[in-house]
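Following: one structure in structure tokens, then a few remarks.
Should a chain be cited, it is by its letter among A, B and C, assigned in written order, with residues numbered from 1 in that chain.
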Amino acid sequence: MMPPALVPQSRVLTSPWRAMAIAALAISTVLPFVILLLQSFGESWRWPDVLPSGLTGSAWRAVAGGSLGRAAVNSAALGVATAVAAVCVALPVGRSLAQLQGAWRHVAAALVFLPVAAPPIALGAGLQIVTLWLGIASTSVGVWFSHTVPAIGYVSLLFLGVFTSRGTEAEEAARTLGASTWHTWTMVVIPSLRAPITEALAIAFLISWTQVALTLVVGGGALRTLPLEVLTLVRAGQDRPAAVGALLLIVPAIAALAALRLGARRTDALPT
Amino acid sequence: MIGCAHRRVLVRALRSVVLALGVTVFVACAGETSQQSAQLEVAALVALPWDSVEARARGTTVTWRKWRGDPAINAYVDGWLAPRLRSLYDITLEAVEGQGPEIVNQLVLEREAGRGRGTASLVWINGETFSNLRAESLLAGPWAGVLPNAAFVDSASPIISRDFEQDPSGFESPWGSVQFALIYDTVRTPKPPRSFDELSAWIRANPGRFTHDQGFSGITFLKMLMYARGGGVNAFANGFTEERYAAGQQVVFAWLDSTSSSFWRNGSTYPPDVAAMHRLFANAEIDFSMSNNQHDVVNKVRQGVLPPTARALVLRDGTIANSHYVGIPFNAPNPAGAMVVANLLLSPEAQFEKQKPSVWADGTVLNVRIVPEPWRARFANAEADPQAIPRDTLSRYAVPEVSPRYHERLNADWRDWARAATSSREP
Amino acid sequence: MLRRVPFPVLLAMLVATPVLFGVAYSALAVLGIAGAGASAVADSDRLFSVLTDRTTWRATGWSLYVAFSSTAIAATAAGAVALLFPTHKRSDRFARSLATLPLPVPHLVAAATALFVLSQSGLLARVLHALGLIDAPANMPALVYDAGGIALILALAWKELPFLAVVAIALRAGIARDLEDAARTLGASPRTVARTVTWPLLWRGLFPAVIATFVFAFGSFESAVLLAPIDPAALPVLTMERFADPLLARRGEAYGLALIALGVAAVAVAAHEVTRARWGSLVR
């Protein structure tokens, strides 16, 4: 059921150009993964070798029970906890901001964007002060808190956009019909937002999953996350285990995103 | 109605901003609230018999803030020390990330936040970090002298008994010692230079094949150059003076001005850290790397980071040796546990394990002639790795550190020099 | 109850609280009354030396250049993907998947891979060597640790593309259809429609995401520390360098640099809010 008007659009460039564009995309996307895969098995892959001079599975075998395996579990748990918390907070925040008008709306949007935009050292100092006060500095809870703050900022902006374009007619109708606030949320607002909520969960998860600076500043490494392990390995020049860590960081996340997209395709959440 | 609501929002918003700022100012200004509890506890602990300290430490957790950048060191700490602490004392060791400057910043912030005990009970420090921590009164002590294993420390060695000329005064306990070495490849450079003069000639004859990193190792290299060309270590020993530093830095920058155009990339940039320099070396972009640990090369060859033909090299002009230590922060939540850990670090068993080339290859701080048997014999018969520099050679050319002020100033001035030098070279 | 109290701005401020604390703390630290080496009396020495040091402004300018270049490349590529591959045809879907696939790749991994591929002894140089085009790493043009920041720009652009592509594809699918139809009904050629209708609309819709990626690229420490030269320094790297300076008195300068970075981010956000206020009715 494609609108016929769209067909000529795809002919903005002729097909050899399209083929070249696809090839360029394929190379730029796939090549880094191939390199990481080779690196994760490669032995002494140095100048001038185009391919590794030997292959070994040692770095992969060390994953289970090793620091990379443990860190992957930590990161996954942290990412899920961050995503859930961020969405729970950001949904009402975003909805609330959408009701603002005029200059206040811009001020509020800018404020919410601050945790996303602030340089890690400024955000880190603030988060350290807050976590020290709360007594959760250098703990897993503190790390979770530090990830949740920028995630809330980002996801709030997302919900601000969603609620701005969508309006609150359905909710008002529900309330006019006598639904309580609780019922309005659980039976009208949240079900109708399944697609943006999925998207928000994915984004908040990724913010935590790839976070390095705040994990270090606030947690001091008390919670070893996967990006932290990869950072350590990269800084130590250990390319093979670093590549394994990098693939562990990327591949499950891509698979999870793909699954989300497949699930969301029915609801039109994420573009495919 | 809406205007009224907005005014209320404004008032609330302003109030919370003022509150936030006010609390921060309060924190900053009133941060000096009494957090002397760890200090008092340490003072009480040192008066106790050692088995009482151990009894207090039993069943506790010790958080140790340390550099976690080397997987070999991490494996020793997490895989050897931690299980022993657990089985011997039921102590849980948690080693967390944070090197020198970060440790200082973290402790300052913890003091400013002013909330009771801090987050780490033990910190891995030396040199300018120890100096900074002492200047800011961020360490508890003295306590190091009461550790039973402190009796075996090689206190006659100036490299162990003085940390960058500073007297540890019991505020830090030694853990290991290292000596700076250049790294070269026996295949690429069969006859490497053995002195700064030979190295200078080599650099000019082989332009683009030498550099040093921007970090601690690079500055240490320049400091050794300052010793070698500025009248030896004694010209800078016994404290910092502006005049001596001025003379020293002039020597360094004169050498750099005349030589750095033959460096890698014509001296327009420098590798950010040792790992980056090792990578350049392994890929034949440069012919020398360097490390603060003379045995690092053995480690890195085993890990596959460096080619198997890489070897360490000390220059006849002398290479800097220093020790690293552990301290207990002023707000340590568990000083007793920290002291027990520090004592285990000094045990002959732990020191012997740490010294093995297959583990970390970190030099011992013990006097191996006075440790009890069987450790005396084991240390005496310790197999030296064929790739490592013989111990006699190392000690013959070892030169001590000088006041941390030299490092601090040279670090700042070198950065200014590097940035001014590269931008003036632009077209 | 919640409906009657106009919470929104207060809520936003709550979300921003850690940053506000951080900003307040940074201000105190740069004035020398908080942080390592602080004293009881405020002075403007650190602030003065940050503001007068040309390294500061070289670093700010260079980081702006890097962030601008990488974001421009990524935004152009994202727009091209959305415009070239809009249909449900398999090849279009494939191209869109390729563009959005690396979304979860962290900066660190992108930069480390760029270092491995683009350095003078990297994979690209080795291929050229195998082809007999260069005979030593030194013959390879310097793309890493170079004042041009080529590898850094490419790594950031590569990292930013998937996110911008996701947004651009969503916009392309959702907004412009009726306007395009109208333009075509009025006789515009497909190329003209793309140039005068689709692309401007796409660009306006993409703008918030572009601002966000620009700010991320500007503040990215992990990429810059692996790929940037010592001079001009990248602002986040210079900030961390000062933050870890052995001279305690110099550490306060890090917070001055962080405030400059925050200022740049604030200007970007303000620009975004202003343009959205002006364009808003067209986009949504």
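Before moving on, here are some points about what is shown:
The criterion applied here is as follows: contacts are C-beta pairs under 8 Å (C-beta built on N, C-alpha and C of every residue); 3 or more make two chains touch, one makes a residue touch a chain.
Just so it is clear, the structure is predicted and the values come from calculations on it, not from any experiment.
Chains that touch both chain A and chain C: B.
Chain centres here are C-alpha means, and the one lying farthest from chain A is B. For the pair chain A and chain C, the distance between mean C-alpha positions equals 16 Å. Chain centres here are Cα averages; for chain A and chain B they lie 35 Å apart. Inter-chain spacing, taken between the CA centroids of chain B and chain C, is 34 Å. Each of the following residues of chain A touches two or more other chains: 46-48, 104, 125, 129, 234, 239. Residues of chain C in contact with at least two other chains: 7-9, 13, 17, 20-21, 24-25, 121, 137, 226, 243. Contacts with at least two other chains are made by residues 6, 9, 24, 27, 109, 112, 279, 283-285 of chain B. Of all residues in chain C, only 5-10, 13-14, 17, 20-21, 24-25, 28, 33-38, 40, 55, 58, 115, 119-121, 137-138, 142, 145-147, 225-226, 229-233, 237, 241, 243-248, 250-251 touch chain B in the complex they form. Interface residues of chain A, counted against chain B in their complex, comprise 43-44, 46-48, 67, 101, 104, 125, 128-129, 132-133, 135, 137-138, 216, 219-222, 228, 232-241. Only residues 2, 6, 9, 24, 27, 63, 65, 68-71, 74, 78, 94, 96-98, 106, 109-110, 112-113, 115, 119-120, 273, 275, 278-279, 282-285, 300, 303-305, 307 of chain B touch chain A when the two sit together in their complex. Chain B contributes residues 5-6, 8-10, 12-13, 16-17, 20-21, 24-25, 27-29, 31, 100-102, 104-105, 108-109, 112, 128, 132, 135-136, 208, 214, 265, 268-272, 276, 279-280, 283-285, 404, 407-409, 411-412, 415-416, 418-419, 422-423, 426 to its touches with chain C in the complex. Within the complex formed with chain A, the chain C residues making contact are 2, 7-9, 11-13, 15-26, 29, 80-81, 83-89, 91-110, 112-113, 116-117, 121, 123, 125-127, 129-130, 137, 158, 166, 169-170, 173, 177, 180-181, 184, 190-191, 193-194, 198, 208, 212, 215, 219, 221-222, 226, 236, 239-240, 243, 254-255, 258-259, 261-262, 265-266, 268-270, 273, 276-277, 284.
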